[in-house]
Amino acid sequence: MIEGLLEKVRSQKPLVHHITNIVTVNDCANVTLAIGALPVMAHALEEVEDMVSAASSLVLNIGTLTPKQVEAMIKAGKKANELGVPVVLDPVGAGATPLRTESARRILKEVKVSVVKGNSAEIGVLAGAGGEIRGVEAVGSSENLLTAAKKMAKGLGSTVVISGVKDIVTDGDRVAYVDNGHRWMGTITGAGCMLASVIGSFCGVERDCFKASIAALVAFGLAGELAAERPEVRGPASFKVCFFDELYNLTEEKIRAGMKYSLA
Amino acid sequence: MIEGLLEKVRSQKPLVHHITNIVTVNDCANVTLAIGALPVMAHALEEVEDMVSAASSLVLNIGTLTPKQVEAMIKAGKKANELGVPVVLDPVGAGATPLRTESARRILKEVKVSVVKGNSAEIGVLAGAGGEIRGVEAVGSSENLLTAAKKMAKGLGSTVVISGVKDIVTDGDRVAYVDNGHRWMGTITGAGCMLASVIGSFCGVERDCFKASIAALVAFGLAGELAAERPEVRGPASFKVCFFDELYNLTEEKIRAGMKYSLA
Amino acid sequence: MIEGLLEKVRSQKPLVHHITNIVTVNDCANVTLAIGALPVMAHALEEVEDMVSAASSLVLNIGTLTPKQVEAMIKAGKKANELGVPVVLDPVGAGATPLRTESARRILKEVKVSVVKGNSAEIGVLAGAGGEIRGVEAVGSSENLLTAAKKMAKGLGSTVVISGVKDIVTDGDRVAYVDNGHRWMGTITGAGCMLASVIGSFCGVERDCFKASIAALVAFGLAGELAAERPEVRGPASFKVCFFDELYNLTEEKIRAGMKYSLA
């Protein structure tokens, strides 16, 4: 199902327009390059429409949002919709403050989003299933999460991705689980943001965003596993170096050998 | 005096709300994770009160300040004061421009700050003892610095931390010196910012901020020393990787064995 | 021609004031430190004039520009002109959106810029020779580029630097080619931004910006070559660590042995 998608990213080099947070923006750019796509970051209201017009996908991340930045996201998102450019939303910290929850909801209302990617608390809150969040980290989630996520995906016409030890992907009809990944990934800031960039990279070459999301989760998680095996890893920072390197060194062959996903 | 505090950070995982600069924000987040706390960065006026309400401490850093950001700092700081959440101020570049000096003074006037952490020039300027700064780096300081810092601490009811080869900590009555640290730490940008994040992490679990600051300085400096011993270190960037790893790998035992501080 | 300039940077430690993008700002600060200069980042309209007054050079980078940031750049740039502080402009993404093209042109009109540094598309667009850009990456350029760049340099009274596999430097009369560099440098985000910081560092100690630019290109490219030889390099992230380390470890001797430039 995901065969050949990595090669497609590398040959087509899709331009992934990000409007994202100030914390992990450099990592998002580097992860996009490492997977084989081309990142561009642009958030000025005066240029987001122009920039997204040249892009193959748009990634919106509210990690350090301001109302003005949300305006730019909606402007870019509407233009993306007009042009058929897929939009990925990472609702960082939805549930942590009203500004975050309301902004995520507003974006979902005004922009047709292709993929919503969050942790269990973020998706739980947006899907109406509840969830507990501290800052931007999920600390509790609902047992009804899958049901709520399927309903949310159906309602939005989107793919919903819930990242976690076992990632869940659903477009309302189909459901997939991805088991790739490693606990080291939770020791660095912004793993979730970087995942959204990789999802954006795959959505830039594969318009079935359910498929693209699975491919991204597999590639991202597998790079984490391969990095964790490296003898250089002595802590989060050396892991991070290896992780970026392994993403860059991924091949279709490694993916075939290491992918762990199942369709429900 | 500082025994057990690192374990407390790791078991309680305090949420450390940062309003900080765009240069070192990623490092601040990663250093907070490495020491065992949970970082969150949020600067929108519309959410800072909500975010700090969930936090165990608040770190304010004026490294790339704007007047609007200072408003957000004061709003968050006042809310923190209301809730008894300790506030750490890093007055980056105070003395370098009037905006920085005046903003630092304004924050100290309007917000009850638990810890002010700066280099000798920054503290010298704010304590009225003079000091010379180039950009954000101290190039000269007063001999009367300790006296002025003690007076400043007394007046503010705060702990004052002067980072340097020998760090000074005072709450106006007590004075401590910390000798942990390594010259490599001066070769990377943002060591001071990261230190403030670590102080914020310890203040999140220990309300005697004099103690918390000593613990932070010891942990931070010791990680630097341990990193400097690593054979992987060939320059500032490999040192930085090792430094983050060593912070993550710190234990109470290593701290007992390596701490170098004295009470005056 | 470039002999002794690295040592001059290291002994004088010029303060390099940056107004730059949120993506690579940390790397720009670290690269400035690694080459031996002192970085400071400050973009508030209320302080840019004060900050640039203490600086030895000013680096303007429009990678994530906003109209307000461009105002700050122009304000800082005019003050720099008044004081004789050299200004380096990195017109990131000129040609990609009207906002970028127009802002770059406006800065060039209102500020006397000492060095304009861009890729072939950015310079092509600004020099009126055409050029194709995707996001911020050059994908096509004109054959008339050198002629146009010379004319542009002459018209502006600036040095124009076109970075690429073979870098071109011209002040309208003189032309130089620099062959130092390595393909790994294209696998990390922000190599161009970092180059501008290094050019700014050299312009801080050598007012012949044609010379300073050649010295910067040689040092930057040579550090890339030396890093690429390191056995630790397994991908872009480990390369980046080595690259920063090698910049820090550069010596006049290594430069004499490894420099590859020619005057046309």
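Just so it is clear, A, B and C label the chains in written order, and each chain counts residues from 1 on its own.
We adopt the following convention: contacts are C-beta pairs under 8 Å (C-beta built on N, C-alpha and C of every residue); 3 or more make two chains touch, one makes a residue touch a chain.
To keep track of the chains, here are their UniProt names: A, B, C = Hydroxyethylthiazole kinase.
Please read these numbers as outputs of a predicted model, since none were measured by experiment.
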item: Chain copies touching (subunit A (Hydroxyethylthiazole kinase), subunit C (Hydroxyethylthiazole kinase)) - same or different residues, decided at half shared; value: different
item: Cα superposition angle of subunit A (Hydroxyethylthiazole kinase) on its copy subunit B (Hydroxyethylthiazole kinase), in degrees to the nearest 5; value: 120
item: Intercentroid distance (Cα basis), subunit C (Hydroxyethylthiazole kinase) paired with subunit A (Hydroxyethylthiazole kinase), Å; value: 32
item: Sequence positions of subunit C (Hydroxyethylthiazole kinase) contacting 2 or more other chains; value: 22, 26, 241
item: Residues on subunit A (Hydroxyethylthiazole kinase) engaged by subunit B (Hydroxyethylthiazole kinase) in the complex (per definition of touch); value: 21-24, 26-27, 63-67, 93, 96-100, 134-137, 187-190, 234-238, 241
item: Subunit C (Hydroxyethylthiazole kinase) - residues contacting subunit B (Hydroxyethylthiazole kinase), complex; value: 15, 17, 22, 25-26, 29-30, 33-34, 38-44, 46-47, 50-51, 54-55, 240-249
